Every structure is written in structure tokens, then in C-alpha cells.
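These notes open a run of structures that come right after.
In the two complexes that follow, chain A is the common piece, with chain B as its partner first and chain C second.
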Partner chain A sequence: MPALGTFLVFLAFVCSLLGVTALGWGLRRGDEGLLNVGRRSLHSVFFLVVAASAVLLYLLVTRDFSVKYVANYTSRDLPLAYTVAAFWAGQAGSLLFWELILALYTAIVLWRYRENDRYTPVVALVMGLVNLFFATVLTFSSNPFETLGFVPADGAGLNPMLQNMGLWLHPVTQYLGYVGFTVPYAFAMAALIQRRADDEWIVKTRTWTIISWMFLTAGIVWGGQWAYVELGWGGYWAWDPVENASLMPWLTATAFLHSVMIQERKGMLKVWNVSLIALTFWFSILGTFLTRSGVLASVHDFAEGSIGRYFLVALTAILLGSTYLILDRAPLLRGRNAFEGLLAKESSFLVNNVLFLGLAFATFWGTMFPILSEAVTGERVTVGPPFFEQVNGPIFLGMLVLMGICPLIAWRRASVERLLRNASLPAVVGTLTLIAAFAGTGRVGVAFAYGASLFVIASIVYDWVQEARVRRGYHPEEGLLRAAWRMMRIRSRKYGGYVVHLGVALMAVGIVASTAFKQEAAFTLAPGESAQFAGFELRYEGLMLREEPTKTTATATLTVLKDGQVYDRLEPEKVFPAGREQPHSEVAIARGGLFDDLYAILAGFEGGNGGEGAEEYATFKMLYHPLVNLVWLGFYVMLLGGGFALWGGLRPRRRRPTVPASVPKPRLQAQEPIGTETKGV
Partner chain B sequence: MRMPKAAALLPVVLLLGMTALANELSQLKDQLVCQCGCNLVLSSCQDMMECGVAQRMTDEIAARLADGETPEQIKASFVARYGKAVLSAPPKAGFDLTAWITPFVALIVGLVLLSFIVREFARQGRRRLEEVSTSHLERSPEERERLRRRLREELKDYV
Partner chain C sequence: MAGNRKRYPLGVGIALLVGAMIYLVVASLSGTSVYYYTLDELPGLGVSPTEKIRVSGALDKESVDYDPSGPVLRFRLQNEDGSQKLPIVFNDVMPDNLLESTEIVATGYLRDGTFYAESLLVKCPSRYEAAEEEGLSGD
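Moving on to the complex of A and B:
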């Protein structure tokens, strides 16, 4: 069976090579037969990779420990759900998973755009090249079907920290996001290769981009949530290189989602948008590289290997190839770069783009600085949370303020007076919040973050209400709420974006509060003893040791009381897996308030098992995270907004009312926004 | 018998001193990186990895703080022992200062460039507006009213 897997992966490599060659040659010669060979080869890659994946799943589920990957990441006692998820738990399997998603996306693109004769083959060629890269790595460097030459009695098992629902959520969504950006990148490069300067690639990939962005958002946040509930340090973001690697494409993709609106409306920023999507794709590959190569020390290095040089070649090729194409086609992409005023939504979007790029650069710079510092000074430094909090924090704050201003600025041309009038109410809300927060906390940074977040929420609500009122002017029969809902449906993309912004504001409040006002304490208690923490009484009831063949688990029971009443019960655990040196903690979390968490870690214990007069002292590390659940709530609001924007893009558009030929055409073109009538070149 | 003021204040001073030490220890645990190879700050590694190295380093810091050493002295001695990589952020001096400055310089350069670009776009926009025919302004009041009504009717479908 492993030989079959290896053979299938090799065949996928051959078919990718054949597909790329046939497509390249066919395009050069204009030979339809060769183009068909290329398309069919890439379809074959999909079926071959699906078959190879099925083989790997079979090997995992049947625990064929003669296969190195299976022996390294599973064991006989591993539950089935984690045995299946071990598919992407290690390097070789995760690369096969990357290739599986990519091959699926490639097949969908080929099927969806099968009738396009000149454009699609170039898209297929670019996607085929990416397929070829991953098939090459799988074939020559990281084969998940490699055998050991002997059959061990049992496997090493899956790292206990990976045994969490997060293993199903985080890597899968993260990869769906990373790989998804291959599609808009391929379309953009195809447009450049074909010397096409119209907006077709943007229109065709809008849905792909939003879906990929949503997946990446989910991947990042679910990764944080996983760390929060599993790793036992009480945080959800450590500015680890791998976390940063996932943030960078998210930032550039978000910048792209904003700036692409200017191209759609005014036919501008074509070079900029192509560059942003190329950068996003490059960062996606870099993210996979940083996760899997071990070039930067990271807590996420569950697997390391020799794939670094392959990725370095690919990253260089993508960077050079994309840069060459963009520079060479730049004259073609020159749009009618004209704004009707300095102060307009267009300008604010550009400032937004600079801030997003600034954040991406700061994150990239901080992540890579240890390598640079070592190269220049010969000594490695660490760039950790204090750096990113001090550098990225102010830029994030600027972004929040801009998010509040943007909805209040009109497209085309806005006046300062009008902006001030629109901003006055939200600014009052923001300023009052700032003052109240400063009075309550005495912390300037926190006060500004709260003020900016409330300013964002207030400006969105204000703009929404204003538009609903305008609608009521045309449809007086509708109430304000109905008018607001109708506006939301009509302009689903805009309001989907607003909902995303609301989610970001909620997240910002949650992040700031849970970081700045975190309470922390450690207690050593004997059974029956109590301690006071964060307004709660914690009564230690006792410790239970549970011995199993594969692990020993110590479970402590804490009764949480508030105002003398039992509020909750916490059972933090310490697990000692057999054959592993380090134990790990299973934290226990109780809801400490509407959005707050009471977080318990069993730090240590001593004493016998199970009462009989034996004292079982236990040491608890307790954390109190105010408003931390706003982080997760904000994320789901963001997803909701993304979904709403997507739904608006997918549902059929209402047709414009047809103007009878007899009616004279209104001569209003002179008042049309400049550039909107001239999309493309 | 009246207790001397100083004696009465002693528990408060001790408590404040202990709190200050605990705060300093907590801050140092976030400013120093565990040397077990995890690349995490001490506070994170201790909880996440159940790391003995982090525990030893923390115990040493606590003992030295209790002996009266300042956080700066402790950091300096850890740097002397392990190198700069033991600090969770680069020092704001020498070449490492570029780590802190470069992102803000890049951002400022970007914003300055953007201001030039937006001004140029606006200048081109004004030039184009001047080129555009203004014949629609010369319409009769009836014609303009008719167009206004039509615009309102059409807007109904979009608002």
C-alpha cells in the first residue's frame, strides 16, 4: 500500500509536469490539442492526489506503522478523530494536504471556466506550476509514504498538545485560506501574461478572494483559540514567527479587498492591486515555509525537514517572476489616475492600504530581524511580544481611527465641513468613551483603544441610520428598521464590510481588555482550603489521580463561589503521557462574567492519591481575562459580515430598468464620476 | 502603650515591597526568553511547556530580586551569560535600534509618498473636469427639472 501511495504521488508529479509543458507549449503554438492535454493532465493530478490522500488515510486508520509518517504521528490508542487529523499534523502529510486543496481548486477553476478559450489555459498554467512545485516537494523531499524498513509495535503517537478539536479547525481553514489565494494570483498573472489590462480577473476572483480571506481569518482566530484552551499559558497570540506568517498574507489580502474597490469603480490602481495579490500569495507560501522549514525558532515547529531549499527557490521564483511581469506590463496597466478631490473615500482607502502595508512590513521586519541581526552583527536577537506591541500597536490604533472615519467620507469628493458634521456624533461617542476609560483605568493606551473602537461602532451606526433615512425619503411607507434592513440587502457588500468592521472593533476591545487588565495569582491549597481571586472564592476540594496504560492524569477540583453561592466548578488537569518527559496541562475555564473568563491551571501537586487522610496540596495558577470572549464574538461577527458580503456578490443582480428608445438619453455623463465609465484600457 | 509609628507602618511597607518585587518578577518574566529553545518568554514557557529551564531561571530572578538587585542588573547579567537573544525584544541601541525605527520610517515614507500621489491624482482630476463639457449647465429650467425628476425616479430603484 505505501508503494501505491508513492507511485500515485509520483504520477501526480509527472502529470503536473506534463500539464505545465503542454499548456506552455500549446499557448506558444496556439495548439488547441496541446491545451486540452494540459487541462486533462491537471484534472488527472486532482484524481491522483485524491487517491494518494485516500491511501494515506487508509494507512493512518489501519495503523500501518511500517510507514514512517504513520509511526511518527499515530499510535494504537489514538482516537479515530485524531488519527484522521494526523493527515495534516506532520510536515509530509500537511504538504500532501496543501496539494490536495490546490488540486481541488485547480479542478474547480478548470471546470468553472471551461468555456473560456484564451484566458483559462494561462490561469491553468500558473496553477499548474504551483501544483508542480508541491508535487516535486512531495516526490523528492517529503514523501508521506516513506517506509521504515521494519514494523514497530506501536507508533510514537500524536503530540498531546495537538489532540484538540483545534487540529480539525485551525490547520484546515488556514490551508484553505493560504491555498485559496493561489486562484486570484493565477488570474492576475494570467492577465499580465496575456497583456490584458481589464478588470476581468478581479470580477472572476472576487468570490475566491473573499472566501480565502474568510478561511484565513478563521484559521488565525481558531489557532489563537486553540492555543488559549490547550497550551495553558492563558494567551491566544504570542507573536511567534508562525503566527506572524499567517498574519502577513491576511493583512495584504485585507488591503487588497479595500483597494480593489477603487479599481472596480474608477479603473485605477491596477499595478497596485496586482502587486498586492502577488504579495499575498508570496506571503502564503512564506507562511508554509516558515511553519515547516524550522528556519526560525518557533513553538509551532512540530516537524522540521529539508524542504527549505525548495521553498527558497519557489519564493525567489515567485518574487522575481511576478515583479518582472508587473514592471514589464506597467505601461499597459496605467489607468486614468484621477481623483475629483483630495478628501474622498478613495484617498482614505489609500491611507488604509499604507497602514495595512505598514503593519505587514512591521510584522515581516520583526519576524526576519533575528536573521538580519545575526548576519550583520554575528549575534542573534529575539524579537518577541514587547517589540510587536510597541510597533504594531500604534499602527493598529491608527487603523481603528481610520475605520471610524472611512464610512463618513463620500466617494468622489467630500468636504471638510460635511465630514466634520458627519463625524461629530461618532466623535462625541468616541471621546466620551476615551475620557471615561481614562478616568476608570488611568491608562492612556487603553483609553485610546476603547475610544477608537467605540468611534468605529458609532460611525457605522450613524452612516447606516443616515442611509436608512434617505431611503425612507423615497419609500415613506417603510419604518426605519425595515429601511435599514433593505439598505443592507441592496448594498450587501458595503454593509457586509461594515459588519466586519464591527467585529474588528469588538475584537479590539476584547484584546485590549484581556491583555491590559488580566489578573494573575498562584495559590497552594490543601483540600478544603479556600482563596480569594478576582471577586471569587476558590475552594479546593481534592485531587484525583487516574492511571491509564498510556498516561496518568491528575485532576484537581475547585469549587468557584460568588457571594457565598456555588458559581461553577473547575477541574484543571495535569497529564503525564507515558514515554514523554514533559507533562502538559489541561486548563479549566469558567465564564467569569458576560464576556470574562476565569482560567485555572493546575501548576503542581504533592501528596497521595484519593483521600485516606493524605494531604494533597495543589498549586493553582489562576488567571482572570476580562472581556476575552469579545475576541471570539468579534471574530464570528467578522465571519458573518464576510458571509453577507459574499452572499450579496453571489445572488443575482436586479436588472436595471430598461430605458425605452423613445426616451431621450439623459445627458448626465458629464457628471459621472471620472473614470467609472472607462474601466480597462 | 503606643506602638511607634515606624513599627505600625512596617507590615504596610513589607507588603508594598513584596508587591513591588512580584511586579518586577512578573515584568522580567515577560522581558526574558527561556533558554530551553522554545523561543517563548519565561512566563509563557513555564505554563505552556512545563519547562524546568524556565522554572530555574525564574527562581534565580526571584532570588536576585530578593537580594536587592535591580531588574536592569539582572537583565545585564543574563545578557552576559546567554547573549542578547535572552531579551524578548532587541535593545534600543546600536544596530538593533534599526529594528525599532525602520517600520515607522517606512510608514512615514509611505504616507509622504501617498500624499504626493493623491495630490497628483487630484490635480489630474481637476484638469479632466475642466476639459469636460459644461453644456448641461446651459439647459433650460424646464429641462433641468425634468432631468431632476427622472434622476429621482431612477434612484428609487437603488435606494
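Moving on to the complex of A and C:
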């Protein structure tokens, strides 16, 4: 069975090689037959990879410990859900998982664009090359089907920290996001290769880009949430290299989502846009690489792991190839318009892009700094969270302010008077919030962040109400709410974006509050004793020890009281798996308010099961995170907004959506149903 | 052309913005960067007790002394051959994975031969490649 898996992966490698060769040759000679061979080969890659994945799943579920990967990541007592998820828990398996998603995406693209125009085969070629890379790594460096040569009695088991719902949510969405950017990248490169200067690649891949962006957002947030509930240090983001690696493509992708609107509307920023998508793809591969190798732990690991060498070659090739193509075709991509004024929506998009790129660059620099400094000076200098907070904090704040200004200014040329008239109400809301927050907390940074967030919310609501009012001028029979909803449906992309921005503003408040006003304390209590923390009284009731064959679990019970009334109960645990030194904390979280978390870690204990009273005590580390749930709420609002932008719109009845996908669609977004200059009417 | 005149301030604005961000990065680097030493490098460096540094080494398992009521965690870091040892004091909860760690990176201050850690980064065989060889070979 493992031999079959190895063979299938090898066949996938052969087929992607064949596909790439046939497509390249066919394109050169204009040979339809060869192109078809190439497409079919790539289709078969998909079936081969699906079959290989099925074999791996079978080996995992039947717990065939003769396979090294199965023996390393599962054990007999591992629940089925985690046994399946062990597929992507380790390096070799997760690379197969990457290739599985990529092969699926490739097959979908090939199936959707069946005709052999001068465009699609090039897209297939670029995607085929990425397939070839992963198939090569799987075949020659990181084979999940490698056997041990003997059959251990049991497997090593899955690290208990990974045994969480997060293992299903975070890696899967993260990879769906990372891999998804291959599609717009391939279309962009195909457009460059074929010397096409139009926007077809953007229009065709818009849905891919937004969906991949949503997956990546989910991957990042769910990763943070997983760390928050599982790692037991009480945080969701630590500016760890691997976290930064997932943030960088998100930043460039978000910049890209914004700047393509300028290209669609004005035919500008074409070079910029292909550069952004190339950078996003590059960061996705880099992110996979950083997560999968220990590079940032030490420079020396770099040369040692062979998978590192493969990725290094690929990263260099992508960088050089894309740069060459972009520079070579740049003259073709001259924009047909110029920016008309400082005060126009276009300019605010440009500033937005500069800020996003600034964030990406600063994050990249801070993450790579240890490697760079060691390479240059021989001394290792690291930067930690303070660096990222100092640099990225102000840039994020600038982004929030910009996010608030943007809905208030018109496209093309806006007048100062109009901006001032539009901005006055939201600006008053923002300023009042700022003053109130400063008076209440005495912290300048926090006050600005709160003020900016409220400014964003107010300006969105203001613009929305304005547009609904304009609509009511034409449809007096509609109420304000109904008119607002209709506007939202008609201009779903714009309002979907607004909803995303609302989510970001909520998240910003949550992040700032839970970071700035976090409370932390440790208490050692004997049963019956109480401690005061963050306005709550915590009473330690006692400890339960539960022994099972595979583990021993210690559960401490804390009763949370507020104003003498029982408010909630916290039961943090420490689990000791049999035969391992490493215990594992299960934190307990209670709602400390509408959006606040009361977070308890069982740090240590003596006694238990109501034994000898004098000897019995437990130590708790307590954390209080005000408004932390706004982070998660904001995220769900962002997802909702993204989904609405994609699917929430009203289809105009006159236009039939049956136009073949290959025909460039009319540029709907440039001619929206009602004029775009509705501000302040 | 009016357009050209108006483009000028946009370009200047962007340049200013980029300049400000570069300044922010450079200024923050000097304030937040932390030198990273291995245990072998540490003796004789004369690190000031007020300078925050990072030290990495392996755990000396025998030395772990954890008092959860503090909580205070004391242990020693050692280099590869065990010839250099550094006592560490960490006033926080013991990380779960401490005993199975392959490498520990401590950030804090060195005072009179003892390292007072503000934070500990505990590296496991790897977050994903956990328990790579152990538990397999024997049985």
C-alpha cells in the first residue's frame, strides 16, 4: 500500500513534467494536439494526487505504523477526527495537502476554460510549473509514504497541542488561501507572457482572489484563536516568524484587492498590480517554506534540510522570472490615465497601497532581521514584538483614518468643501470618541485608535444613509431602511467592502483594548480560599484527579463571583499523557463581560481529590482580556462582507449572465446602475 | 496642464509617507533590537546588567526547580558539551513543553551571573515534527 502511494506521487510528478513540456512545446509550435496532451496530463495529475491522498488517508485510518509518517503522527488511541487531520499535521503530509489543493484548483481552471485560445494554455503552463515543483519535492525530498522497515507496536501519537478543533480550521483555511493565489498569479503571468495589457486576468480571477483572501483571513484569525485557547500563554498574536509569514501575503493581497479597482476604473497601476499579485504569490510560497522548515530558528538549518534547498530554488525562480516578465512588458502596461487630483478616491487608494506595502515591508524586515544581521555582521540581532508594535501600530492607525476618509471623498476630483461637509459629522464622532477615550484611559495611542475606529464606522454609516436618501428621492415609496438595503444589494461590491471595513474597525478596538488593558496575576489558593481579580472574586473549590490508561487529568474548579453572586465557573485542567514528560494545559475561559474574557490557567497544584487538607493547594495564572471577543466578532463581520461582495448583489435583469466565460465581460463596475458622484447631493 | 500641477503634491505626499515609514522602521530597530548570544559566547562579553539580551542553550534537566506558588521557575541552561552553565530565574508559570525542549531561548537581563528572564521561547523537537524519533526505535 505505501508503495502504491509512492508510485502515484511519482506518476503525478511524471505527468506534471509531461504536461508542462507538452504545453510549452505546443505553445511554441502552435500545435493544438500537443496543447491537448498537456491539458490532459495536468488533469491526470489531479486524479493521481487524489488517489495518493486517498492512500495516505487509508494508511492513517488503518494505522499502518510501518509508514514513518503514520507512526510519527498517530497512535492507536488517537480519535478518528485527529487521525484524519494528521494528514496535514506533519511536513510531508502537509506538502501533499498543498499539492492536492493546487491540483484541484488547476483542474477547476482547466475545466472552466476549456478552449485553446492563446491565453488559457499559458495559464495552465504556469499552474503546471507550480504543480511540478510540489510533485518534485514530494517525490525526491519529502515523501509521506516513506516506510520504516519495521512495524512499531504503536505510533508516537499526535502532539496534544495539535489535538484541537483548530487543527481542522487553521491549516486547511490557511492552505486554501495560500494556494488560491496561484490562480490570479498564473493569469497575471499568462497575460504578461502573451503581451496582453487588458484587464481580463483581473476580471476572470476576481472571485478566486476574494475567496483566497477570505480563506487566508480565516486561516490567520483561526490560527490566533487556536493559539489563544491551546497554547496557554494567553495571547493570540506574538509576531512570531511563522505568524508574520502568514500576515505578509495577506497584506499584499489586501493591497491588491484595492488597487485592482483603480485598474478596472481608470486603466492605471497595471505594473503595480501584476507586481502585487506576484509578491503575494511569492509570500505564499515563502510562508509555506518558513512554516515547514526551521529556517528562522537558525541560519544554519537553511542549507541542511533538503526541502529548504528546493524552496530556495523555487523562491528565486519565481522572483527572477516574475521580475523579468514585469520589467520586460512594462512599456506595454502604461496607464491610460493620470491621477487627476490629490483629493480623489484614487489617491486614497494609492495611499492605502503605500501603507499596506509599508506594513508588509516592515514585517518582512523585522522577521528576516536575525538572518540578515548575522549574514552581514556575524552578530545575531533580533527584534521582538516591541518592534512590530512600534512600527506597525502607527501605520495601522493611519490605515484606519484613511478607511474613514475614503467613503467621504468622490472618485476623480473631489472638492475640499464637499469633503469637509461630508466629513464633519463622522469627524465629530471620531473626535468625541478620542477625547472621551483619552479622558477615560489617559492613553494617547488607545484614544487615537478608538477615535479612528469610530470615525470609520461613522463615515460608513453616513455615506450609506446619504445614498439611501438619494435613492428615496427616486423611490419615495421606500422607507430609509429598505432604501439602504436596496442600495446595498445594487452596489454589493462597495457595500460588501464597507462591511469588511466595519469588521476591521471592530477588530481594531478589540485588539487595542485586549492588548492595552490586559490584566494578569497569579494566585496560590487552598480549597475554600478566595482571591480578588479584575473586579471578580475567585473561589477555589478543589481539585479532581481522573486517571485513565492513557492520561491523568487534573481539573481545578474556581467559582467566579461578582458582587457576592455566583457568576460563572472556571475549570482549568492539566493533562499528563502516560509515558511523556510534557503535561498539557487546558485553559478555561469565562465571559467576564459582554465581550471580555476571564482566562484561567492551572499552573501547578499539590494534593487533589479532597485529600490531606493542609497539603492541598493550586496555583492559577489569571488573565483578563477586555473586549477580546470583538476580535473574533470583527473577523466574522469581515467574512460576511467578503461573501456579500461576491454573492450578495442583485443581478440586473436586463443583462443575461449566460455570456460565455471567455468573452470579456462588460465592465460592470465602471458603469454602475446609478451615478457614482452621489456624494453630498 | 492642470493635471500635472496637481500630480505634484500627490507624489510629494507619497514620498513623505514612504520616508516616514522608513524612519519609523530605522528608529524602532535601534530601540528594540536585542543581541542574541549562545552560552559559549557569553563569558567575557561584559554585558551590562541593564541591557536586554537573548541567550539560547539546552535545558539541564536535573536543575529544574519549580515553585508554582510564586510562581518561580529556576533552571540552568547549558551548552552542547555541558561545560558552560547559566542559572535562569523566570517569575512565571512553567511552560508545559519545558522538559521536552530541545532548545530554550531566554530574553532578559544578566545580573551577577544569573539570568533574569522576562520571556522564554521553548523549542520542541518542532511544533509539528513532535516526537520525531523517540518512542519508535525500541519497541
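A few comments on the model shown:
Here, the second predicted complex is superposed on the first by the 630 of 681 C-alpha atoms of A that agree within 3 Å, B and C clash if a C-alpha of one lies under 4 Å from a C-alpha of the other, contacts with A are read in each partner's own complex, and residues count from 1 in each chain.
Note that a contact is a pair of C-beta atoms (placed from the backbone, for glycine too) under 8 Å apart; a residue touches a chain by one contact, two chains touch by 3 or more.
Since this is a predicted model, take the numbers as computed values, not measurements.
Following the overlay on chain A, a clash is recorded for the pair chain B and chain C. Contacts of A:Thr377 after superposition on the shared chain: chain B is touched, whereas chain C is not. Shared-chain residue A:Ala153: touches chain C; no touch with chain B.
In the superposed model, A:Ser459 makes contact with neither chain B nor chain C.
In the superposed model, A:Ala522 lies in contact with chain C only, and not with chain B. In the superposition on chain A, A:Val470 makes contact with chain B only, while chain C stays out of contact range. Once the two complexes are overlaid on the shared chain, A:Ser41 sits clear of chain B and of chain C alike. By the document's definition of touching, neither partner reaches A:Thr252: not chain B, not chain C. With both structures placed on the common chain, the touch criterion links A:Asn72 to chain C but leaves chain B unconnected. Looking at the shared chain after the overlay, A:Gln582 reaches both chain B and chain C.
In this superposition on chain A, the options for chain B are 93-101, 129-137 or 147-155, and chain C clashes with just 93-101.
Shared contact residues of chain A with chain B and chain C: 232-233, 297, 338-342, 347, 350-351, 354-355, 358, 361-362, 365, 369-370, 379-384, 386-387, 390-391, 395, 582-585, 601, 603, 621.
Residues of chain C that touch chain A in their complex: 3-4, 6-7, 9-10, 13-14, 17-18, 21, 24-25, 28-29, 31-37, 54, 66, 68-71, 92-97, 99-100, 103, 107, 123-124, 126-132, 134-136, 139. Every residue of chain A that touches chain B in the complex is listed here, in rising order: 231-235, 238, 240-241, 268, 297-299, 336-342, 346-347, 350-351, 354-355, 357-358, 361-362, 365-366, 369-370, 373, 376-377, 379-387, 390-391, 395, 467, 470-471, 474-475, 487, 490, 520, 582-585, 601, 603, 621, 654, 656-657, 666-668, 670-671, 674. Residues of chain B that touch chain A in their complex: 26, 30-31, 33, 37-41, 43-51, 83-91, 94-96, 99-100, 102-104, 106-107, 110-111, 114, 117-122, 124-129, 132-136, 147, 150-152, 154-159.
Note for the complex: chain A touches chain C at residues 71-72, 89-91, 94, 148, 152-159, 161-162, 232-233, 294, 297, 338-342, 347, 350-351, 354-355, 358, 361-362, 365, 369-370, 379-384, 386-387, 390-391, 394-395, 522, 524, 579-585, 601, 603-605, 617, 619, 621.
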